[in-house]
Amino acid sequence: MQNVTTLPARNPAPAGRVVEGTARVKSNDIVTGDYRLMVLDAPREMLDCRAGQFFHLLCPVLGGFEPFLRRPMSIYGFDAEAGELRFLYKVTGEGTGALALLRAGDDLNLLGPLGNGFTIREDWRNLLLVARGVGLATLAPLAMAAREAGCNLTAICSARAKNLLMSVEEFRATGAEVIAVTDEDGTSSVEALREVIEGRIAEGGIDAMYTCGSNRILTLLQDIGARHGIPGEIALEQQMACGLGMCHCCVRSFRRGGAIVHERVCREGPVFSIQEAMGW
Amino acid sequence: MQNVTTLPARNPAPAGRVVEGTARVKSNDIVTGDYRLMVLDAPREMLDCRAGQFFHLLCPVLGGFEPFLRRPMSIYGFDAEAGELRFLYKVTGEGTGALALLRAGDDLNLLGPLGNGFTIREDWRNLLLVARGVGLATLAPLAMAAREAGCNLTAICSARAKNLLMSVEEFRATGAEVIAVTDEDGTSSVEALREVIEGRIAEGGIDAMYTCGSNRILTLLQDIGARHGIPGEIALEQQMACGLGMCHCCVRSFRRGGAIVHERVCREGPVFSIQEAMGW
Amino acid sequence: MVNLTTRIGTMTLKNPIMPASGTFSEELADVFDLDCLGAHVTKTITREIRGGNPTPRVCEVQAGMLNSIGIPSKGLEYFKTSILPHYADYETPLVVSISANDADSFARLCADVTLPGVAAIEVNISCPNIEEDGKAFAMRPRTTGEVMTKLRAATDLPLWAKLTPNTGETVEVAQAAEEAGADALVVSNTLLAMAIDVRTRRPKLGNLMGGLSGPSIKPIALRMTYQCAKAVNIPIIGCGGISEVEDVLEFLIAGASAVQVGTATFINPTVMPRLIDGLAAYMHHAGIASIPDLVGSVRDEEAADGVVFMEAAL
Amino acid sequence: MVNLTTRIGTMTLKNPIMPASGTFSEELADVFDLDCLGAHVTKTITREIRGGNPTPRVCEVQAGMLNSIGIPSKGLEYFKTSILPHYADYETPLVVSISANDADSFARLCADVTLPGVAAIEVNISCPNIEEDGKAFAMRPRTTGEVMTKLRAATDLPLWAKLTPNTGETVEVAQAAEEAGADALVVSNTLLAMAIDVRTRRPKLGNLMGGLSGPSIKPIALRMTYQCAKAVNIPIIGCGGISEVEDVLEFLIAGASAVQVGTATFINPTVMPRLIDGLAAYMHHAGIASIPDLVGSVRDEEAADGVVFMEAAL
C-alpha cells in the first residue's frame, strides 16, 4: 500500500498560513567544522517568512539514522523571488546527521514558517545583535530585515577561533557593521563584550538588542538592558514535537508581572523578550 | 554510538560452518517481469554450498521499505573459484522490494549457507526436475550438481508464457535436456505434465524427481512416485525468523511412519522427501 | 462514491478519522481546514489550573516517542470562555476530554462540561486515581465501574471511556465500562515507558517516565481493540500508532468503528485529511461501499474462543 | 582491562550478556563459539510433549515482530537425554527455562530439572495459568506468590522468575516473587499483540494473537527493569528489545545486573559476541572499570518517589 505521505492531499486545501510540503535540495555543503548550509528550492507559498521564524524539518531515515520526530531549524535565509530557503545547521545527532547526507536533487519535507519572528519597532534606528555558533543561523536574517527597516545594525559575531567565524561577509553585504570576537583573542569574554556594548551605548546609543542561545550572553544583555532601559529579544530553543502549539512539550519559564509563566517556544516564541526570559 | 553491526566481532571467531558476513553487489538486474538476478562478490568461506541450500538475507532499510526480519533466498548459483554467489528472486514485498534497490557496489549482509541441499544418490543416473517461476531459483543449481555426479538431467520448465521462461539456456549449458511448457500453449497442465513424465518413465526410466513450491506439482509427483516407486525431493518454503533452527516458527507437517510430525524448514529442510511432504 | 460515515452510538460522524486527545488543538487550523475531520477531540482538561511536568517532556525512541507532558490545563473557566467558543464555528462535533484525581470530582467536572456545543465527553480514565495509590481508574474493572457509574449519572451526553493499555484486565475493564453506561470505548492511551541517556545517565524525560506512543504500540492497541470489540456491544474507537491508511483499515477490520490519530500528526500535520482521502480511495478501488462493511470483518473463524480473551503472550 | 563479570545472586557470570529463552539453542554454535556468553538459557520446556501453535507463527511489525510459537516442547525426557548433555561441554552456566499450566505441576517439573549440569532455573511465570482463567501467573501478585512459593520449595538451585509486561502491577508482582524466594527477576517477556493482513482480513498469526518483541518494546521493558530494581533487593536481568551496546548500557544503568538478548539474534546471529566486545570497548573508553559501576547508576535524584511506582502513563 502507498505510504500516506505520498498520497495527494486533495481535500481540504491548506486554509492557514503554515505549509507542509516538499522542497528540493539545491546544495548542502560544509561551511566550517560541523556546520552545513542547506539551500532549498522551495515552493513560493512557504516563503512568506520573517526573521526569527523557523521550519520543522522531517529529516529522512537515511544511512542508519532513524530520526522519528521533526527537527526545528531557524530560517537562515529566504528569497521569495528566487524561491530559495536556506538553513545553517550544526550536525549533532540523529536528525541533523541524516540531514547532512542529503544531496542536490533530494527532496525534504518541511512545515512552516512557524513561530513569531523578531520585532523591529518603527522608531528604532540602531540595532545590536550578539551571535555565536549556530545562533548566527537565527540572527542572520535580521540583517536583511534591519536594512529593509532602514536601521543601522551592529553584529557582534563570536566564535572559538577566527577560522570558525561564519557569515561575517553576509552581514557586511547587508551594510551591517561586524565586530568579530574570538575566544583565542580573549575578546569574547563577558567582560570584553560588556565593554564593547557599553561603548556603543555611550557613543551613539542602541535602541534594541537581539541574541539567541547562550545563557551567559542573556544574563549580560539583561543586565545592560535593565541598566539602560534598552529593550531586547532572544530566540530560544526547546525540544519540540508538533511545532504548532498542540503538544505543550516545548514550554519554557518566563518572568512576567511578578509571576513565572510557561510559554510554548514554538507558538509564543521562539522569540521572547530578553527581560522576561529566564536562564537555564 | 556505533551501530553494533559495524563493530568488529573480534572474539570469538566463527566456529561453525555458517557464516554471517557481508558481500558486495556486482549486479542486480531485471531478468523478466518482477524477477531479478543478484550477483554478489562473496567471501570464500561462504561458498561451500550445496544445491538446495539457502542464505538468510538482511535486506536493507531503503527507499521507504523497512523489512525487519531476514529473508530466506535459495542459492541460484555459486562459484567458489570466482567468489561469486547468485540469487534469482521475485519482487513481492517489503524485503525483496528493498533488495531490488541495491546497486553494484552496495553491501549486503547475509547468513549462510543454511539448511540441507538436494540428495543425488550414487546409483542414480536419470534425474528429472519440474520447476516453475521462482522455483527455478532453487532447482537451477541441481543442473550443475547433476553434471558433477555424472547424471542425465531432464528439466521441465514451466511458465505462464514463453517470454517468461527463465534459465532455459543455463540448463542447456550444463548439458541438461529442457522441456519448456507454458500455460498459453496448454502444455503446463497437470495432465499434460503427467503425460510427459509417464512417457519419460516408459522410455528410459527416471531414478529420482525434484521439485519445489507448487502444491499441484507436488500432488502429481507424489502420485507418479508412489505408482512407480520413484523417490523424490521437494524444497519447501515457510516464513522464517532465525533461519538456524532456534525459533521454531518455520515448521511444516510431514507424514512419517503413520504419524504427522513437524519439522523445521530451515533446519531439517528446506529439502524434504516428496512422499513425506504434505500439501497446503 | 464510497460512504465514509460511521456511527458512534447516537452520533453519526462524516468519517472515522479524528484526533487523539493531547495531540490536537485549534492551532492545527493553520495547516488545514479542520472541518474535514470526523470529530474534534480536545486535550484533556481539568477543573483546576495545572502546570504540567518538568522538561524535557518528550523524547524519541524506535518507531515512537515518549511523552510526560502531564495534563497542563488552563482550567475549566478558560475552557468555557476560550476553547469552547472557538469550536462553535465548525460543523464537526466537539468531544471534550476530561480528567480528575478522584471519582467525585471527575463526575462534577463531567456535569460542568455538559454544555451546548459539546457533542460528547471523553473521560480519560487512564489517569491516576489518587484514591487507589495512583493506579489509573482504567487499570481495574472495579475502579472503572465505580468512576463510570458516577460519570454516567453526571451527564446525558454520549460518554466515551478512554482505556489504558497498562493493565492485564483489558476485557474486564471494557465490560465494566460498558455495564456502567459508557457509550463508546477509546482503545487506548499510552504505555508507561522510560528511556535513559547513557552518556549523562539521566532519564531522557524530566519526569523520569512517560507514555509510549506511535507505530511501536500499534500491535498492542490493535489487540486491545479486537478484544474489546469482541467483549462489548458498544462501539470502539481505535487509537495507537495509526499513521497509514493500512493502519486505519487494520483497526476497522479488528472491530473499531472509528479511529483516533495522535503521534502521526506530529510527524505529518496533514496526516488526518490524507488518511480520509486515502481511505476513500482504497475503499473505492477495493469495492467497499461503506464503513460498516469493514468494521469487525476480521476473518478469525478458525481462532479458538479462548484466545480472544487471553492476556498472556504465549 | 575492564572487568565484565557480574553477579546474579551466588552465580558469577563472565559477562552480563545472555540469550533470552526461545531465541537460542545449540544450533547457534554453528555461527560462533557459545562459550563466550555469560549464560545459556534454554527454550522453555514443559514436562509433556507439546506441538506448539498453527503457522504462520511470526510476522513483522514496525521495529519488532510478533510470535505465537507457543511452547512446542519435546518434553522432559528429551531434555534430559538430548539437550542437557549437549551443554555439558561448555564452561558457560546453563539456565533451564520451564513452564507448566498449574502451580503444582510447575513445582514438580522444577524439582525434576534440578539436575547436575543445570546452574539455575528460569521459571516462565508469564505463561497462562489454567487455574486462573488462563491469566499468566505473573499478572497478579497473589498468583505470583503462590506459584513461586511452591517453586522455591522444589529446588535448591538459583530460581529466576520471568515476569510479564501484560500487567498493571509490575512492582507488586516483583515484590511477591522476591518475598517467595526468587533469586533474580528476568524483566520481561513479550507484550500481547496482534496484526491483521488488510487484504485477506486474516490475522497475520495463525494463533490470532502473539507476543511483541524487539526494539519497539524496549522503553517498556526498561521502565519495568527500573521499577523492579527500585522495588526489590534481588538482581534484575533486563530483557526486551536489546540490540545495541547503548541498549545494554541503558538497562544496566536502570538497575539490571545482566541482560538477555532475544529478537536481535534473529536479525544478527552474532549480536551477542558483538555486544560483549562492544560493551568492553565502551567501558574502556569511558573509563568504567567494572559492571557494578554501571548497575543502577541512573541519575534520578530529582525524580519524585511517587513516580517510580506509578503504573499510569500520565
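Letters are used for the chains, namely A, B, C and D, taken in the order the chains are written, and counting of residues starts over at 1 for each.
Throughout what follows, a residue touches a chain if its C-beta (ideal position, glycine included) is under 8 Å from a C-beta of that chain, and two chains touch if they have at least 3 such contacts.
Just so you know, these numbers come straight off a predicted model, no measurement behind them.
*Asks:* Return the chains shared as contacts by chain C and chain D, ordered by label.
*Replies:* Touching chain C and chain D alike: no chains returned.
*Asks:* Please indicate which chain is farthest from chain C, where distance is taken between mean Cα coordinates of the chains.
*Replies:* B
*Asks:* Go ahead and note the Å separation of the Cα centroids belonging to chain A and chain D.
*Replies:* Result: the chain centres lie 47 Å from each other.
*Asks:* Between chain A and chain C, what's the gap in Å when you average each chain's C-alpha atoms?
*Replies:* 36
*Asks:* For chain A and chain B, what's the span in angstrom between their mean Cα positions?
*Replies:* Their C-alpha centroids are separated by 57 Å.
*Asks:* Check each residue of chain C and list the ones that touch at least two other chains.
*Replies:* Residues 61-64, 198, 246.
*Asks:* At least two partner chains per residue is the criterion; list those residues in chain A.
*Replies:* Residue numbers touching two or more other chains: 1, 3.
*Asks:* Sort out for me which residues of chain A touch chain C in the complex.
*Replies:* 1-5, 7-20, 58, 66-70, 94, 109, 111, 238-239, 241-252, 262, 267
*Asks:* Residue numbers of chain C touching chain D in their complex, please.
*Replies:* 54, 61-64, 66, 70-71, 99, 124, 126-128, 133-136, 139-140, 164, 166-169, 189-196, 198, 200-203, 207-212, 215-220, 222-223, 226, 241, 246, 249-250, 253-254, 297-300, 302-304, 306-314
*Asks:* Which of the residues in chain C end up touching chain A in this complex?
*Replies:* 22-25, 27-33, 35-36, 43, 51-52, 55-65, 67, 69, 72, 214, 243-246, 265-271, 273-275, 277-278, 281-282
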